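Accompanying notes for the structure given below.
Chain naming follows the written order as A, B, C, D and E, and within any one chain the residues start at number 1.
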Amino acid sequence: MRRKKSRLVLRKRAAPGTAPGLLVADPTAAATTVAAIGYGPDRPGQGLDEVRNVEPTALSKLDPRGGVRWVDVVGLADHAAIQAVAAQFGLHPLAVEDITNTHQRPKAEVYEGHLFIVFRMVNANGPVEGEQVSMVVGRNWVLTFQERPGDCFEPVRERLRQGRGRIRQTGADYLAYALLDAAIDGYFPVLETMGEAIETLEDSVVTDPDRRQVEELHHIKRDLLVLRRAIWPLRELLGALLRDETSVVTATTRPYLRDAYDHAVQLMDIVETYREIASGLLDVYLSSQSARLNEVMKVLTIIATIFMPMSFVASLYGMNFDTTHPFNMPELGWPFGYAFALAIMAAIATALLWWFKRKGWLGDGKGG
Amino acid sequence: MRRKKSRLVLRKRAAPGTAPGLLVADPTAAATTVAAIGYGPDRPGQGLDEVRNVEPTALSKLDPRGGVRWVDVVGLADHAAIQAVAAQFGLHPLAVEDITNTHQRPKAEVYEGHLFIVFRMVNANGPVEGEQVSMVVGRNWVLTFQERPGDCFEPVRERLRQGRGRIRQTGADYLAYALLDAAIDGYFPVLETMGEAIETLEDSVVTDPDRRQVEELHHIKRDLLVLRRAIWPLRELLGALLRDETSVVTATTRPYLRDAYDHAVQLMDIVETYREIASGLLDVYLSSQSARLNEVMKVLTIIATIFMPMSFVASLYGMNFDTTHPFNMPELGWPFGYAFALAIMAAIATALLWWFKRKGWLGDGKGG
Amino acid sequence: MRRKKSRLVLRKRAAPGTAPGLLVADPTAAATTVAAIGYGPDRPGQGLDEVRNVEPTALSKLDPRGGVRWVDVVGLADHAAIQAVAAQFGLHPLAVEDITNTHQRPKAEVYEGHLFIVFRMVNANGPVEGEQVSMVVGRNWVLTFQERPGDCFEPVRERLRQGRGRIRQTGADYLAYALLDAAIDGYFPVLETMGEAIETLEDSVVTDPDRRQVEELHHIKRDLLVLRRAIWPLRELLGALLRDETSVVTATTRPYLRDAYDHAVQLMDIVETYREIASGLLDVYLSSQSARLNEVMKVLTIIATIFMPMSFVASLYGMNFDTTHPFNMPELGWPFGYAFALAIMAAIATALLWWFKRKGWLGDGKGG
Amino acid sequence: MRRKKSRLVLRKRAAPGTAPGLLVADPTAAATTVAAIGYGPDRPGQGLDEVRNVEPTALSKLDPRGGVRWVDVVGLADHAAIQAVAAQFGLHPLAVEDITNTHQRPKAEVYEGHLFIVFRMVNANGPVEGEQVSMVVGRNWVLTFQERPGDCFEPVRERLRQGRGRIRQTGADYLAYALLDAAIDGYFPVLETMGEAIETLEDSVVTDPDRRQVEELHHIKRDLLVLRRAIWPLRELLGALLRDETSVVTATTRPYLRDAYDHAVQLMDIVETYREIASGLLDVYLSSQSARLNEVMKVLTIIATIFMPMSFVASLYGMNFDTTHPFNMPELGWPFGYAFALAIMAAIATALLWWFKRKGWLGDGKGG
Amino acid sequence: MRRKKSRLVLRKRAAPGTAPGLLVADPTAAATTVAAIGYGPDRPGQGLDEVRNVEPTALSKLDPRGGVRWVDVVGLADHAAIQAVAAQFGLHPLAVEDITNTHQRPKAEVYEGHLFIVFRMVNANGPVEGEQVSMVVGRNWVLTFQERPGDCFEPVRERLRQGRGRIRQTGADYLAYALLDAAIDGYFPVLETMGEAIETLEDSVVTDPDRRQVEELHHIKRDLLVLRRAIWPLRELLGALLRDETSVVTATTRPYLRDAYDHAVQLMDIVETYREIASGLLDVYLSSQSARLNEVMKVLTIIATIFMPMSFVASLYGMNFDTTHPFNMPELGWPFGYAFALAIMAAIATALLWWFKRKGWLGDGKGG
């Protein structure tokens, strides 16, 4: 049930001081495949043509008339292919570097002729740090670059294919919104899983405090930090897109972008709430532990305090003084000496029990 | 006395990536009923006509001349009815989606021709997360959409019916204010209940620290987080309405809106104060526990420290060395050997008690 | 010495949803009396006429020529009188509601023709939440509404009567400033008392940690929260008055208002410093407790660790094995068996004491 | 080595409600002396004339032609002299009140014709709250008012006397900067002393946790709060001077003022860093204490757990049952009964030691 | 593996109050060497000439035509050389003072004709506070001043020498960017090392809590504070450069500067994340300790609670009452008295074990 531990150390692959725009090979990167979808009212094929495993250089053959092209590059191993795509659409060298360096902070940057957006996409079953998606939005085209196969854009592709909703009638900016919104929506199930884990801990930490819960809590707080690091700048970039009067986002798409922004704000809200609850749970754990310790110590103290004086009395009458001398332990020779000793012990025990009772130590085990 | 535990996990019902504006059926939603009130100086029926269980399509028959219409939709199960109402008043598809998706963050959004406001309404007896109310304010109409029957708008309806105050003479914006203000007022009793719970804990946590108080405190802090998540954006949206020169809010209504804003600020103040006091109480609890533990350990230490040496002396004279040898435990043969042993024990006890006294351990049980 | 515990729950008396501007009777409100002072260079009676227990309706008889009128209403029980005063000076209904509802957050609001200010006035001997004062400032009049008899305005009245300072030569805005400044000055003695309490705790928490100090600290932190809730918005409202180019505040009065603002900032500074010191004291308390526990446990451990092995040896030679068998406890028959046993015990005690010494446990009782 | 404890309670001497601008006698104020320096290219005496113990009324005799006058008033007891100086330079009454009331928050205020600045000056050997310095900057004069003799302006006087640097060629604003900068520089040695105290604690708190370190830490945190209360508004006032286009600060002096501002920012940086490290040290202390307690308890537990069963066995064979009955303690009569008993005890001890070993409790004393 | 402890106390060498612009000799400063590189399309030597150990006065001989000059001064001991360089490029006296005083807060300041930037450069093997680098950027020249030999600018020099990338074709502002970017890149390996140390601690603190981990954590948090003090203002200064429309930064270089800014933001992100995780680890440590203490105390309590009553029974029958009296310890004479006593003891032990079992104390050693 525990998801893979998120990476804390994000290795920047380029050596310090190398020229910007230089692409450094990443041996763990996935193989590159390119797919493209073109759509629009005036296009052939019921307004949509889709190709997979397209050669980067063949992209220009996609009919550009009157429609929107979405080129989706998956896997970042083949730098030549990425460079080819980038060259074809005139990307800035820094944008290309950011695409291949997968530890970018989510951001939106305006270059001449295109808008460059980086964000992270999570998956309910994958690691909590997700994968980096770079998106470039031009006048009538959208490029996306993903780290690995498998994404949350499939519903958008389906909507495009089936012509559902308004997506086929709108421009590149609406497609960009749709993809961003799909990525944002992908965070909700991840947070839900965490919320459930927290609720489970909330119950168990009180009834049965256990060291492993602290570990669990630490991992949840850590994952929430990782998520916050992805969501906070995502919110910022959406807010910046809304405020900026960039030519790329049309007035029609603006309310939808605002809706996506609201969702990002809501995500941050949930993350912060979860973090506060998780912190509170640690306090609950510590006070549960402290209450348990008190309880344990009370048991020890009561037992020791009652039996130590009684044992002392018993030891006393176990001494071997010569009782032929009249002042040496005359009690031993009394006919009811044993009863006398037992009575003393019983009196001690009773007095102490009464004292503990009065102090409230013989409680109901509620641990105070 | 404990209210129902608030939900931490807010399930977003639409699958990630679905088209915006798409309404997803919620099997737990309450059945939809529509009520409408029209009023204004020029209207028939002493300036007010009210209908209940009106057909959505029949809304247009309400006489729109020179007055204000308030359409109140309760229960979000019947999407067709909601769509019908929305169509009639020209709502934006995103607004309609937000109405039916009941996990919105409170917000105000300006669409062409109408203002869309979402907030949460709590009830002193219900769950602390309350229910979502969506309100759309047009030039001379107000729509409200509630999750469940039962609301805090009844006093507003009464004021409309009886023509008390200025409400019948004013426009749609004043009605919107009145409804918002009623919802804000509804938070005060909820917070009062919490304040009382905190005051009760304040007394008991000192006199009788108990593990269950930590649980109680955790639940209060959690509920305060839930309330803050509802009130903070509510304050923000009221502030935005005040700052924005939207055509919807008239100059006459503005001071009233500012008053509502002040109340929201006051709510946030109270929530923050309660949160700080609750956090402080946890510290008081922990230090009470720690003081108790010290007290328990002092009792144990005093008893053990006094009786261990005494018991040792008793054990010593319980040894069975052959006393026929003159150096083997000659004390046993002394005529006052027993008195000698008792005197040693008494001396040990007295010395230790004096030492404890000097250290201040034989205190007044105040737990220091 | 402990002041009355401040109220956490502020009851809002009007039921949720009632019309704004509606006054709700408060059975605990003090009886209403009205006093008035008129002054100015051109006025009769050496430029000052003062009346007490004036009928609200008789206020108009006060000569308004060329001077300033200050009407002081004390006690909020008589709504009719308050309404009469309000009507005479043309107050906004919302201002009247705020005057009688004594749980307002301090604020300043500009209505047409008058400035409405609410703040709280504390008293060194009274409860820390003080009482609400509402002040309305017009072109040449000032109204004040207080909850209870007794205020900190007497020195202002004296200055008016004796014509000391510039107060008799200036306008209504300067009088408003003088009253605000008197209220702000009233916070300093209250904070001084708290500062003294904190300094007392600072000494005692280290020398003699005691559970009651935590309670005391909790009450101080709570009172500081209550004060902050009064002072923070007071500072805000003064800042807003300074920034706003309201016609009410003249250029001559502005530097004085800035001075009052500086005092409010200083108050906030002190409150925040006290809060941090109080939080720090709790840490000192907890670490003192923890050090004490360590000391107690060390005593117990040392005593138990020394006497347990010694008692064991004594018990060993108290066994009753049949010594006629040569291997059964031959020590008992040795001529120096007793000395041998004592030597073993002494050796054990010495070795352990040396070990404790080396570990630094036989310290100087400094509790580390 | 410990500096005097800083005062927490700042007594405001004027009674609440007294007129602004009223000077209240402070019996503890130092006697007033006035010194003056005039300089400038055109002045006689090599461009500098300096007088000490000048009569306030004689100030006008200082030659004002073409130069800058610096009047330095030390000791605030003689209100008449202060008023005389103030009158001669046309100070605002509120400025005069702030000069004599020595608990001002650092601030800069623009009055007509002069700039009024209040700040605090510390001294490495004096109390950490230092003394208040009020500075008034006019077109070609600077007034300073200090609480006590002894200041950090001596190097500035030397530079004036020796004509070093640019100070003799520049205006009043540069002199004001030079004095401010000298006061700011005075904070660095104070913070250095604190930094050294913190570094000393950093070492000792780990090797030898001791209750007195918590006290020491508390005092350091308290002193840092006092310093922050002086430095934070100082930074603010310098920032405000930089932003404001006041006529007093010339373009030539502006870069120097920016430099002073940078130093104030650096001071705040250091204060905040020290505060965080001091807070962290408390955590280190608490965890050291907790580790020590664990160690102590492990020793106790190991000893008790080993000797209690062994003592029990010894007690068992110390019972006095009548061994003539064959089932009553036949072990006592066994030829190797003693060896048997010792073997049992050894077995118990060995088993427990093995168990503790496996649990890792017989560690290296590292306190885990 | 532990890097050298960072210095907390930054000694400001100039005495308080000395004239600004005065250079104070630092006996520990490294010897000064000057190197220079000139490049540009029109320059001889394939567009690049590089000289080392150049005389400061000989700098003017570098051919200034149509290219960019980078003068790199390493070691700050020789003030005369620094002054000579500064004079040649017309630096402001305050800039020169900041260059030689190596405790500047990172900042960017605009002087007439040049931009002055101070930042800190770290090295994966050196101390975490790194060294100060001052950079002055003119129209076609860049000066850098470093504290010590060894820097992270070597890759930039290589790029210049080999003419790789765009660096040879661009102006002084791009060179300044390239140097800043190299310094920023240098922080990443330092943070990576810290991240690895934190990940190591994350594992060990749970499995084997140990007092030394707290020390380690304290040092990590301290180093992070030092890094934050360098990175935060670095981010600020880059942001200010981006916002300011300074003539020095050209439009072509601006996107690169924005990229450097993004990297600084990312560094701050990592620092803050690490700080939060380190704080969380302390909580994990404390709760691990607390769980361990509970476990230890449970073992002690169980053993003591079982053996104390059993030992008491044994002591009881070890008493020496005269059994000739029929009521004195008749059990001793019973034929099965021993068995009876053993049975009682077994019953006690069984009952207590059952009770502990029910309380859940005989757990799985998971430490709750």
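Just so we're on the same page, contacts are C-beta pairs under 8 Å (C-beta built on N, C-alpha and C of every residue); 3 or more make two chains touch, one makes a residue touch a chain.
Owing to the predicted nature of the structure, the values given are computational and were not obtained by experimental measurement.
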TODO: State the smallest step count from subunit A to subunit E, taking one step as a move to a touching chain.
DONE: 1
Open item on the list: Can you check whether subunit C and subunit D touch via the same residue numbers (shared by over half) or via different ones?
Closed with: different
TODO: Calculate how many whole Å lie between the centre of subunit B and the centre of subunit C, each centre taken as the average of the chain's C-alpha atoms.
DONE: 25
Task: Distance from the mean Cα position of subunit D to that of subunit B, given in whole angstrom - done: 40
Open item on the list: Counting only residues that touch at least two other chains, what does the list for subunit A look like?
Closed with: 286, 290, 293, 297, 300, 304, 308, 311, 315, 318-320, 329
Open item on the list: Taking the touch definition from the header, please name the shape of the chain graph: line, ring, star, complete or other.
Closed with: ring
- [ ] Quick one: what's the order of chains around the ring if we set off from subunit A and go to subunit B first?
- [x] A, B, C, D, E
Open item on the list: Quick check: in the complex, which residue numbers of subunit B touch subunit A?
Closed with: 8-12, 14-22, 92, 94, 98, 103-105, 107, 109, 111, 208-212, 214-215, 218, 221-222, 225-226, 229, 282, 285-286, 289-290, 292-293, 296-297, 299-300, 303-304, 307-308, 310-311, 314-315, 317-320, 323, 329, 331-339, 341, 365
Open item on the list: Looking at the complex, which residues from subunit C come into contact with subunit D?
Closed with: 152-156, 159, 164-167, 178, 181-182, 185-186, 188-189, 192, 195-196, 198-199, 202, 206, 255-256, 258-259, 262, 265-266, 269-270, 273-274, 276-277, 280-281, 283-284, 286-288, 290-291, 293-294, 297-298, 300-301, 304-305, 308-309, 311-312, 315-316, 318-322, 325, 327-329, 359-361, 366-368
